[in-house]
């Protein structure tokens, strides 16, 4: 199968309210930076474009149609869209390159979550007869998951607080992070609970923003002369929607997707995990079998800023950044969708040859 | 409504979500001028770049921002139109009414608006129209400041020139 | 370039959807109206409440209904200190996963309680019915601690 | 070069105003089970599921693949949700095909649906947003001025749209799944029907339907062993352009022309009218048949309406290039599914499995979908033979 490389990644700052920036205005600055990074003019210079977004975040149908206005899609381009995190737009693009219909692709995701009440908006992705009409918010579902783990002694509140503190400290080095600071687990534990057993700090913030990536065949990456990382494996798996039917303290689909993506074939230097809640990072790192030799969420992860519909792509982008910076040889990136880690994608990235 | 033992086959599910919308910078600039009674298009900064009314944040053809402002006329040409015979949900206007794709003089793209003070059957492509504004005290951040467009006594614009008139209109 | 004002405006995206239920969801809601709770038997014999239409493991269509108890046990819960406008209670309450007697799979609903301290994993709860049941998930007004 | 892939199973629901006997899961499931049965396969034979539908606001369920996992036997498998506006059914089929054409999977299930009766299409497509005018009056209000411009520049007689409306309904009367069953429809009846968005009359518009369509797509090796004849995927293409840009050709969009040229090249088609035996083309308003006849190269610019008036696109009149023998979008329109229905009906034709609306001896067929402001296009060509 064709080797596929990542040659560029850019994201906007994660901000709590992007204010007077519409979808196009959110996307354009990120795209212009990535075009500059890769050395191309606009979307005309790649063979395929795919985006991820969700209409309900800002409450208007066809958000993605506006995204096309940022691309320079005249003459017309090969373009598609998933109503999912842009990590799945990446997945679609990978298939396109593998089948030989493209040598390169631009992938982007964007979301303005601030206009709505995100946890309530997302309650409407639940079962439309039994759960959505109760308006069970996503934070509450995660809180029940966390309590299961605490009750079973799988984690402690201090473990959760350590995750948060590490995120805040790591985010000090991330110019795009929304929440950062030199805090300790004790600082976190001193907070009152918010949605018990979760503290506010256990939950990711609500952020507006966009991110973008350019991928291509390894031959093309060499031709462009850009440093690159190779996507050596990528897979995703969804689980039952009924939270009562799943073991919420584990992530079977993450483990299986990582196996399928070949994660176990080598050492993992860095991992970026899409864990919107602190306890979920612990579930994920255990499901992946990550140990002390793996640097987990050096960017701070989504606890430091969560660009809904782009955060998954950002996890992959953050691993790419570490690899091309020479900080890591090999890394794993994880993305999730749905309540309590229902749907998970894992990508394994390896260092490419020096350009 | 139904008896005790009747099987339920359908339910009504109210889903009402509240949002706080913030207009993008380009639309906000357009709307701010509109509140002053001015129709202002936007274009890319390169000379001769097309002028968009209303602007949405980019020149979609190139994906570049529209950071140059150009005042356009409130006279326009009918690019095409439809006569709508059904009500629009949430809009009090009574059918039949004419919704036209209009290109303002000085702009290079059409927007849709109502036409009135005209015989619906006489509306035609290339027809010249002008905005009928609401009283100034009613002006808001809205295209509704223009109540509708009405035909004016100017010669029709040949189809190949629609969308290419300067801000001075036909006189130029 | 002119300086734009920040233009904010609240709006509501709303519709009252008309959902057809199909036989399985419809049967569950019909029973709720009669103040009964039914589950459905999965391919492996586990009783799922509320009844799923399709088995998560085998994808088979499910059809064997089982009446379950109106009392059960809290498997996990989240204490909502600051209820949101959309939430079912204006006072602090708990979302909970509740395994009803006779069921093998917990369901999500809410538990009324005067304080967080009174709620615990393993606590027994009992369904309270709304005065006017109509065949909707909120016919179970809430669960109360036994 | 892409791996060879083929459609080995097709399943649809019947299309109707309101399927009040099923849940949303039940609707989607019905099409999926029909496709599995058609392919003589079970859930275990499926490696991944690719789901498509138009805006989530139609059903008020956000990212519905999350809830539909169990109905589609997807627990433990990959699930992808595509959304490209009205073209989504077609795009979803293409994304599903890419799962196999890339060599990543051997056999996938793809499903598209819409349960429009859960809400109101006009509301869901253009719910009011602050600071913008609300004059769109739905899709018809958007497309009517473009149709008017087509009529002006082509000089087509006023009854072309009426003729298409009759033709597609007569086709639909041969398709037991079609929503509108109007075997007695006449030119007079269409002409007398209520004017909605002048020049679009009520009977020149698509209905609003509930329904789902599904296909199983398999690798060459598995398709060779399929129990029924496969429809080999001979070409796949998609194109997008912005909704509005200065100088945009709205009547005959370049994205459609480019997309057609791409898919024809892959399938070795030089003259679509001659080389193709049948086409299932997204025509939600009757005038879009002559417009797309030109856009897709079946007729020179300005002359598409002549094919329609000659009966070239009518199966019943024995036309040489039947368009929409299934009755098309004008007979059934479950929006999110409509594109996939076109793709699936094209596949049914080359599998010689289209029942009373079979084009005799069809070997090569085009499936077409478009969406947004006629700016998103998805097409495939399927054949009875591999090459």
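Quick notes on this one:
Read from first to last, the chains carry the letters A, B, C and D; within each, the first residue is number 1.
Just so we're on the same page, a residue touches a chain if its C-beta (ideal position, glycine included) is under 8 Å from a C-beta of that chain, and two chains touch if they have at least 3 such contacts.
Since we're looking at a predicted model, the values are computed, not measured.
Among the remaining chains, those touching subunit A and also subunit C are B, D.
Rounded to whole angstrom, the centroid-to-centroid distance between subunit A and subunit D, based on C-alpha atoms, equals 33 Å. The centroid of the Cα atoms in subunit B and the matching centroid in subunit C are 46 Å apart. Annotation: 38 Å between the Cα-based centres of subunit A and subunit B. Residues of subunit D in contact with at least two other chains: 20-21, 23-24, 57, 59-60, 69-70, 75, 120, 123-124, 127-131, 242-243, 245. Counting only residues that touch two or more partner chains, subunit B has 9-11, 13, 15, 17-23, 25-28, 31, 60-61, 141.
Along subunit C, residues 4, 6-7, 9-11, 13, 15, 17-21, 25, 29, 52, 56, 136 each make contact with two or more other chains.
Taken as a graph of touching chains, this assembly is complete, with every chain in contact with every other. On the subunit B side of its complex with subunit C, the touching residues are 4, 6-23, 25-29, 31-33, 40, 67-69, 141. In the complex of the two chains, the subunit D residues touching subunit A come out as 1-3, 23-24, 55-57, 59-70, 74-85, 91, 94-95, 98-99, 101-104, 124-127, 129, 236-243, 245, 248, 253-255, 258-259, 372, 375-376.
Of all residues in subunit C, those touching subunit A in their complex are 4, 6-7, 11, 13, 17, 19, 21, 25, 29, 48, 50, 52, 56, 75-82, 84, 86-88, 95-97, 99, 105-110, 116, 121, 136-138.
Of all residues in subunit B, only 9-10, 13, 15, 21, 23, 27, 31, 50-52, 59-61, 79-86, 88-91, 96, 99-101, 108-110, 112-114, 125, 141-144, 159, 163 touch subunit D in the complex they form. Interface residues of subunit A, counted against subunit C in their complex, comprise 19-20, 56, 59, 117, 119-120, 123, 128-131, 133-137, 139-141, 143-145, 147-148, 151, 193-198, 240-245.
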